[in-house]
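Letters A, B, C, D, E, F, G and H name the chains as they come in the text, with residue numbers starting at 1 for each one.
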């Protein structure tokens, strides 16, 4: 597992201090190939962390020192554009682990043709991270169409009855389609870690 | 609206007394064509009510005196066999109103081919009552495939995370597919009433 | 169904880009008569979208290219002045679909005479969108007074025990008056879509 | 306040022992005019308590030794027949306190004419106990029609979305009609106690 | 009942317009002695409403034209200093109705001696409005010490497990002390209305 | 800590097998002075376990082999008679640990004089286990009157709004009186373990 | 995926009919190597299904026709004996898929030495199904000790504050240890399906 | 117990006034050795209170006049850096009571070696305050490793499924490890008070 720094609730100084220590190979005991991921950085934290020169960043996620590339591909499928920040957190973490990613957005189940249209692309992936807010039905429908492992992320996207992602979460856990593995609300980082553990099976 | 007797929480005698009064045209002021529906009758209540000679019954629902047939057809689509009691409550109520019904079961979204297979049948219906427990995604997927009105009924069917139908209910209300009208959990009678109001538009 | 853009969680650029593409008949494959609706635009998003010259806007809702007028009228009945933003989202969406609307506000059930006073007006409507926060009793009382279809919208208006609209939502779903169809909290757009599906029955 | 014995969770012997002690004027220090109320007695407890010769009983409530009659009248208004057990708990407790009661049932807000039909009767009452399950709108509508104090009891009557009375409870507390005082779910005894405290104002 | 304007969710202009209309005796049909209360005014709304020259104001509540004084006294008892804004909303509303008020603060049940110290004062009151956040035990303890009617207001004051007042609300409704009437969270205005209805009994 | 067997969800045979193994000093590696506690035994499980000859039992709790007596006394204070099963689970576990117990029941905060009447007794205790359902205010009031440690147990006793003990639990955790330590709903065993850890401080 | 029959909510006849049809190779279109699993059979359903001669059964789960053995091993680790029914549902489903299983019970995190004692055994497994009720911490602790994929099942085992498994579920989803994939409460079948999808990666 | 001022919901002036009164020995009746603690001060309140010259402060907590030192040591163990503000509230309160504290941070159960690494330090403590957000498993694991009393504080730290600390709270209360005493979410002050009561046992 890579070293991860969850920035929410920490001061800017704490974030910079922790990442700096991890980057210092002598003090952290880490290896040049050990990735570091910082998640949920607010704009001030991100600004300060960018000075530490990350390998990649997007939104509230930053990564340093990626692992050696693997030969595995993870499809990241998001129901809507508003789910993108969560998708990006998953993508950056997976790439820090050395995996290839393939992103498909705006394939909600209300427009089934778009979802069916990307099925051939999905066949090339080793596993699928499926992201949805609102009623969270995307992983359920996908599970009936593909045989790969599916890691489902509920997001807090949606109108009032979405209750901050609780509706999508419960929907994914109560799914009539067997074989869906869920992580917590908006937890792109966690889903990437589940995927990484799974891909070790393939090695 | 037909006269409806909600049996839960009433004694057997109260149920029989209320239905008897409604059946007595002089005392109730009803018309020979005014339907009567009793819902949620437990076995003892049902046994006693059957002595009043209903026009039809199934499970916990009984009906007396159906209305004149209309020319409208309602498709009742249920995700699984376990949803049948709720589907029957809706069907009997709709038939008491004089509407034709068409029932399709076991078309959950995890087996999309079965759902797509009944789409031609659904085209013949004026409106659709969509019933699902667990993650409750059936109305969401249907809403992207048909243009008729959809009345969605969440059911209390499912494993622990279904939370007695709350998950399906929230899923239907937070749906990414616009145009779904929901009723309360297991409320087959209520959905039939919503459908009946809608069909008045067609007259 | 019209094309709808849900702005919450999108950047200003994403909103403008999506609407621009939809407005471009060549790229979107849409027709000159296909309406476009943008909902939940925050002030910055709205400001940018106004530059795209909408047909109408109010609060956080904007519409482009309305459909041909139909001959149907939808009554939009709101319990209080604070429910107006939700009523406006429903009204603009319905007008984009080509329907006539009739708005009546401040007819909460605590002042029954005001509600009874508008009943003659409501008789002229094909269906009713009933909007209420707090205890959400308006659709229940209306359902006993009129025979048209009622689409109920719970709103997040109210004191602490309103719990962000959950109380009104549950009240509408558990209603003792049969025949109420509910949508999610504050979902004026969704209610308009339900109404539009229903009105197709009349054509 | 009268002595009250809440039977749920007690053994039959504990119930009989406690009531026997209260009936023994020497040991309890009570007065011949001090009423005793036992609530929530299950059939076994009730059977044993009936041997202690109560003044009145109905369902799970029993009373001994009523107070001197007062000149006050409480109207007990219940939305449906299924709410009767709660209404009876309130009625017996009020009568044990010496108050007159007037019971009106089946006046749910979906049939407004029945509710309006009893308004002249209600004018003769000093205060009103309003009982409703499902959406719990009865006290809200009453509060707009009468000026007496209203004590609202939510009941656990209703379909799945009633959530055991929570919906009715929240509805009564979030009411748009000011001046409703609520007690807990199914708490007929508690409502009677609130009413009794209020009526002391009149003395 | 006085005319009440709930400002939350309304624009500044809407608030001013509604109150101005109510103040205009010709247009509103009100009487010179009919009180007007505006609640939950934010600083901008309050600033604008102060120009309409209220009779009294405090925090987010303003009142115009008080009723003729009655001879009744209401004790307003608050568990802590943080509950004062809710106490003030109740006090101003009661005074607009013409009643005398007596305020006692910082008498939480963890310091029983302070509460017992004010019992002699409370004896002079006709009824008691008891206000508490956190565990909300104040009305329960009071109910065992006094015989007057008690109107309980749960407040959203407290640490995380207070859950915005839900804990205090449930505590008041589940109280082991019979005879507590509750209103919604932070609803000082509603409690005053309940008290006013009760005091009519005394006239 | 003693060995504890939680019987719920186990078969009768599993319960007997586990306790038998623990009683066998050779196989369990336990000492003659190591207590064994079985909790939540249903009548069938209890019947079978009684054949293993416990040192003490009451309701659903049984104990074998008590520890050497300590010199510490724990007061177990329960708000009502219905809380006794939980009190007994705590008492038996504490006695298995070798501690003296002192039980006081029916000292709810609605009858403050009874509670104040036992304060002299409580002074003799080293710590207090306070048990209450409904609004759960007992530990809050006690915390203002005594200086010993207080372990609070919420119980599932009470009317509908008690929500199976959740109300009492939240009330104890949100208490305005500092210094209350809570355990889970109905968890008499857990409270005894907390008390036992605390009393080690005294040794 | 194997054919699965969820028995809850179905009649005995429906269960037997569905399984019989699946067993008939001509009518079901299945293959001699396609496994069938029936879950949540109550005693009556199980009795009737046993006449159809299953390959294996335990508790409420029955399986027919297992797949060809794979070379993969799944460790099923349960925190307590009361979690065994859920573990058995997972085990039988996995064995129907052809996988080897290894079961370890009673390794809750409160006895860390027992958990650490089985770590060498776990190293031989390809993936781990971790089952726990109460506070559900087992998967969190395991995730810090092993690098295989972990599928977590929350169970409804535990005292009142377990809230039917909701506590364990939330705990697993909010885990501080990255890389845990969760399924719904008590969903042993679902966890086996997730594991089966993952093991396809290894083929 | 020391005097405590809960600043949230109070004005700056109210905070300063209350603390000033407490500091004035004549008016407050306090002793020179009676500690004063102010908690949950926002930056404005803190700024004003710092002018009253506290003995110590950190974040939102300030203390004046510490008690005479005791010989007791409390270990404050926090799962992560983000839990530090809660740990500081506990630490300052304990030090105001005169106790020694020992702080260990970043010992979450996902890195068991760090937790096991501090066990020798913990042996020197009289009792342990264990602080964790997310899944809240830290006190459960600690309870299996140490025999001292454990006071558990759930914090609102964590991703969406942490639900503001509710997940950690429930986890601590439903723990499989007996002997954990919990306080409310983020309630560092309350935990210190529980610890202080416990340490009186040692005197």
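Annotations
One rule holds in what follows: a contact is a pair of C-beta atoms (placed from the backbone, for glycine too) under 8 Å apart; a residue touches a chain by one contact, two chains touch by 3 or more.
Just so it is clear, the structure is predicted and the values come from calculations on it, not from any experiment.
Looking at the partners of chain C and chain H together, the chains they share are A, E.
For the interfaces G-H and B-G, the C-beta contact count is higher for G-H.
Of all chains, the one whose CA centroid is most distant from that of chain A is D. Centre-to-centre spacing of chain B and chain D amounts to 35 Å, using the average Cα coordinate of each chain.
Chain D has its Cα centroid 55 Å from the Cα centroid of chain A. Mean C-alpha position of chain D lies 49 Å from that of chain G.
Each of the following residues of chain C touches two or more other chains: 80, 159, 161-162, 169, 173-175, 178, 184-185, 187, 190. Contacting chain pairs in the structure are A-B, A-C, A-G, A-H, B-C, B-D, B-G, C-D, C-E, D-E, D-F, E-F, E-H, F-G, F-H, G-H. Those residues of chain C that touch chain E in the complex are listed here as 80-83, 85, 157, 159-162.
Interface of chain G with chain A (complex): residues 1, 4, 126-127, 147-151, 169, 173-175, 178-185, 187, 189-190, 193-194, 196-202. Only residues 6, 8-10, 14, 18, 156, 164-165, 169, 184-187, 190 of chain A touch chain H when the two sit together in their complex. Considering their complex, residues 79-80, 108-112, 132, 134-137, 140-141, 143-145, 158-159, 161-163, 166-168, 170-178 of chain D touch chain C.
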